[in-house]
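In the two complexes that follow, subunit A is the common piece, with subunit B as its partner first and subunit C second.
Up next, the complex of A and B:
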């Protein structure tokens, strides 16, 4: 008994240390900085001040928050809609390793370079416009870049691997015989997917949704580089407040919003996972009594 | 099925591990400075990106038998945060006027020994007059005085206003960009209305904001300080507000004739970058040698040639240069240095939010 409790600490120690150093301490510093007075040239003065939170209550800021939410929700929805069939196809394919490799390959290139590649594709004399002109689909160049559409497109591209991977692993562990059974019992192809497949991979769907939404919500470079004059997101405000306007407390208060949103997302993910485990145990028990 | 999970966790682990290696090696870099005997022979410069003439550095290394190590920053704020945060080991830094003033006040730099700097006699008295925070160069030796301007692709239109009102010209709608820089854009609007670029008068600031929001912003595609030169070079934008050296760096020399770069006649905000020695510098003598070296007329001319700058701070270098500058230094007569706003920065920030945050 004694021995096992000591082992517990040994096992949990590294993880606990890791979380304390890289998560709790920085979080504590951010919370602390958000309630201090701003230093004239950056940094903070050690005097209590709620100025940062008063500055948050501001219609201009609410607009950016609303825009960030709209962009994040839209981009996450599109990403999921594309990632689900991808994950399904990969799980059913006999070339899984190849497809996994292909999903991961883009990470070998720096993300900034990939964003600049998108600029080359979307700009008015870029590949997309030239191709459409060659095919005589358009006469004049379309404005494909420096607007919300470009921001969402590039965000979807950047974060789709984060959605595909968890979906793939859950779909891969799904027992496809259940689909056949559903068909045998008279379910249509569509019903068998919505009533049998989707409920069984719910935790994977939630995980990939959270994994996509959180980084998109804090995105900074994509709106900066491919966005237009109306593409400012929360991430951009944080950077500006730290560097240009030297208001670290405000930047801290804003990043706490991102932390809050992420925490809610992760809690939801964990709760959904736990619930699924409970349900599975229940149905197993039921099956056992029969 | 299981080996894919292993593969994914393996990849995640590798990513994390390489990240840790980067972090730890990144930290140890600073500690090495000045430890070995070889480092005593090394001068550490901390300058803006695309602002250091390679040929001058090589000549300096050859003449004194030393090494020069360059590190770069993209904004005064980055540089200041790094020095303030304990970044040491730099021997010469190149801040602009507002941060030069702050760094002198915060005692982050050492007084210069003029006995070792005889080339300071070439620094233009006009520039010293503008540098009100240190006219005697006790701490800061001017490096370059310049301003952002407007670049126009000539084939886009025959006639256009050669001043800030070009941004009100709806013929260029959606083909223009302005810098994503509060002081530069607000300064341009203030100057266009005939006010000081350092104005603290709420009515004047309000008028400038209205000009930007109602007349300029509808015509521009975006506020861009990162990619405007590339977008201009590729034909995406026809009119950009920005730094001439950045624009011409992106365009092949054969096409330079197609570009009209000018400083608007109404004036606007300008900057004066200076060389300073931080209190943490380990090679103070070498730093003095370098500051003096770069102001040798023939060396300073190489700097001007490299970036096609007009000779704004040096009185003698003009005769040694071999290239034409991208704009005339005389245009700066109407320009005003952006000074540090201190507490009043928030006055600008509140108005800038209405420009930048709204649709």
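Up next, the complex of A and C:
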């Protein structure tokens, strides 16, 4: 039932208004600020300037952008490679709610405390090094922290539940008889998974990939706390521009780049979902005419 | 023969993924395990020496700053979650049941904040608040938290409304109830579980948020995550470990209590 009345706007209006003022307007303000002149102590002067965008085209920034992309792609790939079997195992398990709980519970701890725990694990006299020494695998402490590897490990740790949950939901609604049918028709286990399971859960894979990639691409605390000088990511640059250099136009311009990348990711996700719906409808119609 | 080979291959197929799942769960719990162990260690550095409860004593009796940060966090979490729940539940009802101008606009707007990285939301709000000259403090944190909570509560209430049988509202109408009466007596009681889980999720997200709060907080409005951050950056005390364990325990208790509560509600309706 869809009633057409003033009541609709009475119910939904407050949220529309709130998000317009406190979400959409701020986004438009950063678009505006990115083409203004930088103020002396933060803020802006009301004259047009393309300085921020010219600063973006410099090798130092390109290097950070490239590093951010490599780190995000690597971390997302590892996360997905681990999350797919997890989602599959959970969907096929008879203890689904137990596993769901086990995946979610660690995330009730504050994210900073979890990062701090990784510092305790990876630091030179930390848990990992002491354990390896006790087992006589190493003599001298390894440097496990303040490098790219630590950043990627902790990023995978932070975002893997975001990847597992949507994958679990999609795989759970997949009809496993299709896999058995493929096997009965002579497909190997590997082929039946790559040719039957994966294409059928494609939109779920894209959703969870996008939801993992976007926050990693904008990561700020992880590279700051477990990364070294050479692990700075684009999120760190923005924060420095706001808090240290006080170059708000540049911070705005970089924010717009991240927003753009996120939007492209989300569009891709929505399009993949819509396409899958169309294909489903088509195959249903075909089945119907047969 | 056929059924035997069928059995082995499904069991075999599940083995590899089961191993990965178990390993990932161990990976997820490793940091918690390390923190909890260190929280009971007498040593000030990160190693386990002898058992001690001194960090717990210090947490409860000698951490005034920490508790005032916690109080700020609690006030903001409860108020922003309550406001977000009311506004988002209204929006869910309006968008599910009515056609009106701007419906699609609100629908799109309702999920956008979820998909942008937190840094962007934080920066844009900081710049917005400074443009409208609103001084940073508890008020700006409250506004920011309500904003990022709205989409999540909206999503959960919408999911609940999906299962809701609209004919009960029509029945209430036919029996002479007006809009307000049917809302209070029919709609709200049946979507209450969705509203409650939305509220709880909002409280947890608000208590946990660091990145957005970092941008929109001002002097004197330190929240718990901000306090933890300053502890990590400028001298770590094992009190953090004790605090983490207390937080984990209390959240698990609350979740458990809520589950039972929600089950009783579901059973009674």
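Heads up, the rule we're going with is that the second predicted complex is superposed on the first by the 268 of 290 C-alpha atoms of A that agree within 3 Å, B and C clash if a C-alpha of one lies under 4 Å from a C-alpha of the other, contacts with A are read in each partner's own complex, and residues count from 1 in each chain.
Here, a contact is a pair of C-beta atoms (placed from the backbone, for glycine too) under 8 Å apart; a residue touches a chain by one contact, two chains touch by 3 or more.
Note that the structure is a prediction, hence the values are computed from the model and not measured.
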*asked:* Per the contact definition in the header, classify A:124: touching subunit B only (first), subunit C only (second), both, or neither.
replied: first
_Which partner chains sit in contact with A:227 here, subunit B, subunit C, both or neither? Use first/second/both/neither._
first
*Based on the superposed arrangement, let me know which partner A:92 touches: subunit B (first), subunit C (second), both, or neither?*
second
*Look at A:30 in the shared chain and tell me whether it touches subunit B only, subunit C only, both, or neither; answer first, second, both or neither.*
second
*asked:* In the overlaid three-chain picture, which partner chain does A:61 touch, first (subunit B) or second (subunit C), both, or neither?
replied: first
*asked:* Just to be sure I read the superposition right, which of the two partners does A:199 touch: subunit B = first, subunit C = second, or both, or neither?
replied: neither
*Given the touch rule stated above, what does A:251 touch, subunit B (first), subunit C (second), both, or neither?*
second
*Between subunit B (first) and subunit C (second), which does A:103 come into contact with in this model arrangement: first, second, both, or neither?*
second
*Looking at subunit A, does subunit C or subunit B touch more of its residues?*
C
_subunit B/subunit C common contact set on subunit A_ = 42-43, 116, 119, 123, 125, 225
*asked:* Give the list of subunit A residues in touch with subunit B in this complex.
replied: 40-43, 58, 60-61, 63-64, 67, 96-97, 100, 104, 107, 116, 119, 123-125, 143, 145-146, 165, 168-169, 172-173, 224-225, 227-232, 237, 240, 243-247
*How about subunit A: which of its residues touch subunit C in the complex?*
1-16, 18-20, 22-27, 29-30, 33, 42-43, 82-83, 85-86, 88-90, 92-93, 99, 102-103, 105-106, 108-121, 123, 125-127, 130, 157, 160-161, 164, 180, 183, 189, 210-211, 214-215, 217-221, 225, 235, 238-239, 242, 248, 251-252, 255, 258-259, 262, 265-266
*Along subunit C, where are the residues that touch subunit A in the complex?*
6, 9-10, 12-14, 16-18, 20-21, 24-25, 27-32, 34-35, 38, 45-47, 87-88, 90-91, 93-95, 97-103, 105-106, 109-110, 112-113, 115-121, 123-128, 130-131, 143-144, 146-147, 150, 154, 166, 170, 179, 204, 207-208, 210-211, 215, 224-225, 228-229, 232-233, 236, 240, 243-244, 247-248, 251-252, 255
_Residues of subunit B that touch subunit A when the two form their complex_ = 1, 4-5, 7-8, 11, 15, 75, 77-78, 80-81, 84, 102, 106, 174, 181-182, 217, 220-223, 226-227, 230-231, 234-236, 342-343, 345-346, 349, 353-354, 356-359
